[in-house]
Amino acid sequence: MNPRLLPFLATVVIFVVAYVICWLQFPAMLSTRVIGNLLTDGAFLGIVAVGMTFVILSGGIDLSVGSVIAFSGVFVAVMLRDTGIHPVPVFVLLLAITTAFGAAMGLIIHVLQMPPFIVTLAGMFLARGMAYVLSVDSIPIAHPFYDWVQTAYWLMPGKGRLTLIGATMLAVFVAGILLAHRTRFGANVFALGGGVQTARLMGVPVGRTTVLIYALSGLLAGLSGIVFSFYTSAGYSLATVGVELDAIAAVVIGGTLLTGGSGFVAGTLIGVLIMGLIQTYITFDGTLSSWWTKIIIGALLLAFIVLQKALLDITAKRASAREAG
Amino acid sequence: MSESQALLRTEGLTKTFPGTRALDAVDFDLRAGEVHALLGENGAGKSTLIKCLTGAYRRDAGEILLEGAPIDPRDTQDALALGIGTVYQEVNLLPNLSVAENLLLGRQPRRVGLVRRRAMNDRARAMLARYGLSIDVTRNLDAYSVAIQQIVAIARAVSMSGRVLILDEPTASLDRDEVAMLFDVVRGLRDNGLGIIFISHFLDQVFEIADRVTVLRNGRLVGVHDIGGLDRLRLVNLMLGRELAEETRETGRGGIDYDAAPRLRFSGTGRRGAIAPFDLDVHRGEVIGVAGLLGSGRTETAELMFGAAPMDCGSVTSEGRPLRLASPRDAIGAGFGFSPEDRKTSGIIGDMSVRENIVLALQARQGWLRRVPMRRQRELADDFIKRLDIRTSDAEKPIGELSGGNQQKALLARWLATNPEFLILDEPTRGIDVGAHAEIIRMIEELCASGMSLLVISAELDELVAYSHRVIVVRDRVHVAELVGEAITTDAIVKAIARPAAEAGENAR
Amino acid sequence: QTVGFSQIGSESGWRAAETTVTRQEAEKRGIDLKFADAQQKQENQIKAIRSFVAQGVDAILLAPVVATGWDAVLQEAKEAEIPVILLDRMVDSDKDLYLTAVGSDLVHEGEVAGKWLVDEVGDRECNVVELQGTTGSSPAIDRKKGFEQAIADASNIKIVRSQTGDFTRAKGKEVMESFLKAEGGDTICALYAHNDDMAVGAIQAIKEAGLKPGSDILVVSIDAVPDIFQAMAAGEANATVELTPNMAGPAFDALAKYQADGTEPPKFIQTESKLYTQADDPMKVYEEKKSQGY
Amino acid sequence: MNGGAARLLRRIAPQLVTLAVILATIGFVFPGFFNIAFANERLYGSPIDILNRGAPVALLAIGMTLVIATRGIDLSVGAVMAICGAIAASAITAGYGLPLTLLMALGAGIACGLWNGLLVAVLGIQPIVATLILMVAGRGIAQLITEGAILTFNDAGLAYVGSGSFAALPMPAVLWLSVGVAVALLVRRTALGMLIEAVGVNRRASSLAGVSSRLLLITVYAISGLCAALAGIIVAADIRGADANNAGLFLELDAILAVVVGGTSLLGGRFSIIASLIGAMIIQSVNTGILVAGFPPEFNLVIKACIVLAILVLQSPALYGAAILLRRTS
């Protein structure tokens, strides 16, 4: 087996074990309802985390996504409220805007050689600020198209729902996996993560790839914003604060190195599911106070990361021992 | 040398860095179907010249003509598109990608936009087979030694060069066999009409493969010569601009009292998966050479002895007292020093100045509280810059901006500054020019005369023969033979490397 | 029986008190309360409600972080025949989707505060500085609106500066400091803060600037948390509008009636927005309130 | 010595110019900005406010600079502020007396830093994730101490740390200035600074050269924790209460921003504490400027984003390179 796959496998093993533990404690956790919820509730996070995976693989970071999601919701809501345009063209316009926004950040990062952390931090302020400027109120969305999308789900046996947005996330993951691991663009992303200077010397189009990566992240943040607007039927400028950190955590739990150059899009899906599992577990438990909730989330995050590391170290040791023997 | 013959030409190429004029109006021409060696001391501007050719640097002035037409590569992609393939001095591949991906990055075989993995791996295997390498191409590049990475880099560059192939010190970490293999490939390409630029500090190799040489000194063109009209001495004079006293070794190889108690005794030390347990005594004033093929476990031996890779069996004594070697700090505390093989990732602190790099080990040993006074730091740095002839505009220049060979010298200085009792040098002369090479060998001998013990790993057997009192031969991660005194000859070493283990054992000592 | 409670988070002392009181009320009635803290995120609240539905609780209490976006998940709860009661904030979903809402009218709170100021200053010219809540949050929007409505007819009262203090004491103090610098302390006649915490911070800023809060600058705010009563007792704050943390009591009562015989409660059970001034024996109220987990 | 001063000046010149431009702009928009008065034995005025209000970010930036120099990042500082503020408030109300209270709060900060350092240096967890854990859990711990409420206290001694004055300056300003000077001297008079830089640029090579990189990393996070603790005490003392929910919220981002505006690379290596401190003052000037300017608060973020972008563009190495090129060609 290829040792490159180890971090991913470790994540999967941990997820399965964790789920089994949850199920032993709360048998209701293994219902299609919970599984459907994990997918639906994780949808917007999952989509944005795919974009984040690309960014992190390239050695960058995108702090703007949470704000872009909020901006997208507000933008869609305002457009639907103030103009008679059908949602679909509004979506297209929005995706164009967020993609351009991402591309612009990528361009600044590349041309001005500024650290992504800071550029996207400014982007985070800007996108949230633009959302405020559009509207500080939360704006409900009422449109037949939204009603239709919300009722478009497949009722799994056991009353669980596989919703359209959950399915969208899965589709985005499939596309992301192909793009990252099976295209030249994907290889270039990994190359940037391995070292920008070296990648440049090897003929990787550094500028174009950087711009494309952040554009992709912007695009997916926009898409995630649309999904979020379906999820809540509203646009709200204060929504999704801190989602960028959730996305980063999901990516890292999924076995991608924050230093770039190594990781898996599929691992991110597991990361998102693990984050959802933690939430669900805490709700099922239902006895934790606000503060204990935070402490337990932190402790579980730590546990996952330490376990993953331990698992990797053990397998690495085994492998070297086998080679020697 | 008519105009039509020139495949690649530069006219008045100039490149300035803050504080240095790396290239000063250099004219250079490369013909189709020749191997053209580019020679010069460390810091002469060779790497800079080729980086200007490939667009990695933007030149300040001058023309570049490819087949008579001016070209202006803005980045390396342009150069690749023009059919100029390059192996840069430091291995410039991506450690986090698989070998196959490194070989075919940007040219992966595709079907409907998706990379065909299997086809890619097959192609990669085929590419490496030419160099006698059959490794798992799906593993990450960083699973392999520097030498293998070097070969992969060469394979990649060769496959991308339609018209020109540039090799910047490709043989620095290769063994004879690999070098021979590489030269076969290069000759084949030359016969197919490619122009090849070859940079090396191994003059033997230059004489073996080159058709013409261009010599640079301090960023200026010194001359262009056909190899036929040159001898070694002449070439060295051209490069250095002065006479180099050919070192005549006295046969003072004795003088080590093997009956006295050794300074250090490694008994049964080893590490699973890295190097089999071995015994080794280190005596005062002794130079121990370590020879072996690529990946045989030489570096592992050194890292183990320095505590960089903890041993899992055996014990060490120093002057009869037990010594704990769990980390480099322990080793340094016991008076060890270690100059690692991969200077880019394990040696230099790129963003920091030459001065800081030189005092680093000394400072680390003194502890953070007792700062080496600035005056002393400057003295040390200036002293070593002078003694080792490190070419830098001043001691405050970031070491990353020095030429490769000069970085190596600064690393040596780092350890000499700590005045160690036992110094381990892994490939200390890699990428160092002839002048400095002689200087370093003289220094090794001086150091030993003053009582320091040395363990030197080198792929250059001549060099090992020149200064070793004893040579350890490593094969397949086992110390298989030990040659002492007059028994040390190039032939003997080659034989020990090649001979099966059982026989080699008999010959030890 | 089991009731799920999806709380916004614990961003303020008032919110912590609401959680404490809800727990106490549930315990009093022998209800098993499943508590879920959403850390200020709507998506977490939606997740929590979904998990409550998946667990099959008997009823759900929801303190919504924002008014919009609840239709789908409330619909799901309805389909699973689990009654939902809203606490302290409203949603703009269809009224069929929840059993009832217990809360105060945020606009009204602002009006009460504004009216008090109008009465207090009479015909005097009065420049007011306003400390807003977190930009975009519904209390900030509504309390601003209510206050503006109340002072709309009093042409002598003007809001001269308005900036967000994020509902926090520290920001309240910092922003007040800048107000005092920008306007000059003696031209400001009153401070209106969207919550007491910001007012408490601002009072310190006023004191440090060498002015007397409560007399040089009138201070009116909303929530009625214990600390503001201390300030009132010291004469440093003038009035506060109470937002009771006991929303769960009426909610559980309505729920019990509904479950017993299907009595539909009114769709909105409004709690009182009581005005407290220095005349109301602030120290006594302080002692009463101290035990409520603020 | 003189050469050193000149080098320092050259290093911080861009930050100084930026600060001057921003202050001048505010002064232009709001003419009373530079008025400074003397009352109650201390100075008053907007510039003093900047020094005073900038204290938490400045303190955080000191520790953050060192952490970033090792190629790390510390997201937990905001939460650590909350923890230490809460500890200080509860200790003083429990009657432990000022010295013990301060000791406990500062000790807690160091403990938090050691925890981060352990995760990063010993377990080898990536800094951003390692500190994310404490960022999430730490606020919970702080709330656990205060039980979600604002823990008010009335101890004049502790309040003095936040709102007292010393030598005509507000106490927080005095504190960050002296901690800044102390840490700057500590790292530059000893070899600490150089070793930190070495570890940040190339940890493997530094270890091989005998630098105890593990210990250094832990030390650096501990210093960061200590600075955060002091910032937390100041914030709590300022409002005479520990607000576990909001103390230090999102301040880690401002601190990182200050370090970057100060010209230290997020990729580790060369750092300057003085430049970071000027960076903190730049950020506080922007914040204070926005407050006195009187725009509607909806625009705060957009304005801040634009100013930050402008600063970064002006300080970007690429632009700097282009400027040199221009000068040379002309």
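Which chain is which? They are A, B, C and D, in the order written, and residues in each are numbered from 1.
The working rule: contacts are C-beta pairs under 8 Å (C-beta built on N, C-alpha and C of every residue); 3 or more make two chains touch, one makes a residue touch a chain.
Predicted, not measured: the structure shown is a model, and the values here were computed from it.
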Report the chain whose mean Cα position is at the greatest distance from that of chain D. B
At what distance in angstrom does the C-alpha mean of chain B lie from that of chain A? 44
Taking the mean of the CA coordinates per chain, how far is chain B from chain C in Å? 71
Mean-CA-position distance for chain C and chain A (Å): 34
Each of the following residues of chain A touches two or more other chains, namely 132, 136, 289-291, 293-294
Any chance you could list the residues of chain B touching two or more other chains? none
Using the touch definition from the top, which residues of chain C touch two or more other chains? 10, 16, 19, 135
Which pairs of chains touch, using the document's own definition: A-B, A-C, A-D, B-D, C-D
Chain C touches which residues of chain A in the complex? 26, 28, 31, 33-34, 37, 40-41, 44-45, 132, 136-141, 150, 228, 231-242, 276, 279-280, 282-284, 286-291, 293-294
In the complex, chain B touches chain A at residues 56, 75-77, 80, 86, 88, 92-98, 101-102, 105-106, 108, 110, 113-115, 117, 138-140, 143, 156, 160, 272-274
Show me the residue ranges of chain A that touch chain B in the complex, using the header's touch definition. 2-4, 178, 182-184, 186-188, 190-191, 193-195, 197-205, 261-262, 320-321, 323-325
Which chain A residues qualify as touching chain D in the complex? 108, 111-115, 117-119, 121-126, 128-130, 132-133, 136, 245, 248-249, 252, 257-259, 289-299, 301-302, 305-306, 309
Chain D contact footprint on chain C (complex, rising order): 10-13, 15-17, 19, 132, 135, 161-164, 166-171, 173-175, 177-178, 181-182, 197, 200-201, 204, 208-210, 227, 293-294
